[in-house]
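Right, I'll just put the structure down here and ask away after.
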């Protein structure tokens, strides 16, 4: 459809004639469409990249496995006197599981297990009382002296590891498992013919569907064999880190932002501070790790190990505790929190400040009653996003001393800890395929955690902005 | 006298146009005085009819000006000297309409006096009054156009001889004596004299308005209170 | 004329002498205004950094009167208004010289807390800016932060009185808990006025309070101002001359002057009773401005 120009009152030769205009319009439209398509292409690339990421993770987390249990769990249950079709091994009473361990492991291994974490609060299983008291009062007592006792899941994991001893000899990815399950069976059979699986036989092997990411995975602590290992300690560690980071970064960050926006005069000093805060947001996280190591772990060791709060045995033997890591991550997120809080505060129109001050209110009264409630959605969103970012940081945690192998849950701020990114990093560095599977499963957990935090941020923001309307 | 651009140009242009109309009518009124005096002193009925026709025109103009004035006021809500000028023009509109009415009064006397014998002395006096009043109207117009306070302040003095002549008119009538027809003629001419005296007052009023326009203050020009003046104001 | 005057008559005569001979307005508003000025500025000059925004302003604002500040844009009238309650302090580069005396005391003296100044000299802004709270809280907040001690019903009375004084009570009495933003523009501005009144100020400053409103809302607020005059003193900045003519008792005309360095500084040209300023102003500059023969 063309619109014909009606008689114009005056004609300016600088403007195109009707025909010229049509030609120009066509060219402009084509160019506009081209750029639109280019932007769509960019979007498509981004979406594809994300889809690939998800695909890879999910692919590795589910699939067919060929598994050999060195000792059949059903047989074990029967031996203990239960009906295997009614009771599974993990539901067997705690004491029986402990007894099973006693019977199966060497005393040396048993004592080591007990020193890592006791089985009972009130009695010792492998160690003698005298020796126990002696080692617990030594200069560097083992973790079992202070950590709480193991629980059902923990001991079941041990039983799995030491008694059942499942061994995944081959695994298949999700998509091939769905599309071509027979191909896996063929592969295993051929493997046995080629003698690749040592002394195992095809009859011992069962081919079953395995979800590496399953509820047990979330409840089970770390273990040295991938079939048994879980991310319980890592999740708890990450959650502790979130809490400590929030407790540190939010008050300090929001407070600093309030000062910079509401109180600070535009002097050179304040400009300098602002510039440096902006720069600090871009500093590589490993630098923060080094900072954390030097200050929180070493210099502030009496505080971060909890020694200063108790006389006698300090809760932790050194400063490599979850509070050090939390503070380090707090420092890491602090610039980002300050900047996003500043943005939230600046987005509140000045007219509200003027209105408050004109009534004879002090700055703080105005900020607290009028500005903060309006800025709250922005503050919350910015904060939660900043913390979500911190959850995924690996390098600083390594430096500050996240343990790569720890089975006891963190019980307080002065506990040893590990975190999800650390776990994933560690597992991917092992060559076995099974470790890659559980690394993928742990990645799913990390993504879910991140998405949950983001969803909380969005929900809170929507709720508060609706209320402000 | 500022060479800054006039950002109220359209209003000022319309106000100037309205002023031109009003002044034009005042000018016409001066001519009507001449015609009316001529008519009444020579008994020229034809001329007196012309005067009456001219007054009809003046009345129509009066309504038109009033209408335009109200519209200007509604549209522009003027302030300051513009506001004063508006108020003066409204007043002037009234004034010239009354001048016209006075001329008609004089002209009508021509009809009433048709066929009656004239008294020369009275004729002369009426003519003299006419010759005094017309320059007053001119002077008032000039003072307004030139925004000249000094010139405006001359008007009361110019009015004094007119008032005196009017006051003396009754003596002339008494001096007419016995002839009833002449007496009738003379008595009617008294009305003409009064009408001319009123026109003189209106010219002085015009000058008062001019002073208000220039200074923003109301100054009552003292009618040099002539003792025994038989006429009060307000017509 | 007898020789013996009673004491009352003598007092009345003395009071007559002392009252300022400002003409009463046609609406018959209170003629009990005493000669006491509520705010006086003496040689006030305001700088933004090195830029001299307004120079040497000396104005008296009388009690229970409405004073209007008019002038072309950039003449500094808003700057002057904001300096009367030290809202200019919020601009970091602003500096005020000279005196602003509130009931005789210079509010710019050392040791004077601007917070205290703003409690008794309130302000209403050009664009209505109610708080994002309920209508009730909008009004109660100002009183509370200033230390209002009262029971719940005392606060309710306070809110009601303020809304009645602002001619808004009937329209909002059933929805006090709704957000201030649910009101129309004109209602919001009246809410802001009610909010300013609730702290029982002495003076209300209004910075072009009607320029964001439609004509009906504007007229309602002008009516309101004439009512409020009984209890408060009002200073209003307006760029609408007819509005200044309608509501104010005295009008101050400001103009921008270029100095030899090319800096544009606002100066006070004339400060006269409104009736006089708009019919026969003293200064030619004023006359040129109000008739539009002005660049």
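A, B and C are the chain letters, set down in written order, and residue numbers restart from 1 in every chain.
Keep this in mind: a residue touches a chain if its C-beta (ideal position, glycine included) is under 8 Å from a C-beta of that chain, and two chains touch if they have at least 3 such contacts.
Here the structure is a predicted model, which means the values were calculated and not measured.
Enquirer: Specify the contact topology among the chains shown, as one of line, ring, star, complete or other.
Expert: Line.
Enquirer: Hey, which chain is the most central one here, using CA centres?
Expert: Chain closest to the assembly's C-alpha mean: C.
Enquirer: Just curious, how far off is chain C from chain A if you go by their C-alpha centres, in Å?
Expert: One centre to the other, that is 60 Å.
Enquirer: From the mean C-alpha coordinate of chain A to that of chain B, what's the distance rounded to whole Å?
Expert: Using C-alpha averages as centres, the distance is 103 Å.
Enquirer: Could you tell me the distance, in whole angstrom, between the mean C-alpha positions of chain B and chain C?
Expert: 49
Enquirer: Listing for chain C: what residues touch at least two other chains?
Expert: Not one residue in chain C touches at least two other chains.
Enquirer: What residues on chain C touch chain A, complex-wise?
Expert: Touch list, chain C to chain A: 85, 87, 90, 92, 115-120, 122-123, 125, 127, 129-132, 141-142, 145-146, 179, 181, 192, 195-196, 199.
Enquirer: In the complex formed with chain C, which residues of chain B make contact?
Expert: 2, 4-8, 11-12, 77-84, 215-217
Enquirer: Which residues of chain C touch chain B in the complex?
Expert: 241-242, 245, 278-281, 286-288, 290-295
Enquirer: Which residues of chain A touch chain C in the complex?
Expert: 265-266, 349, 351-362, 365, 369-370, 373-374, 468-469
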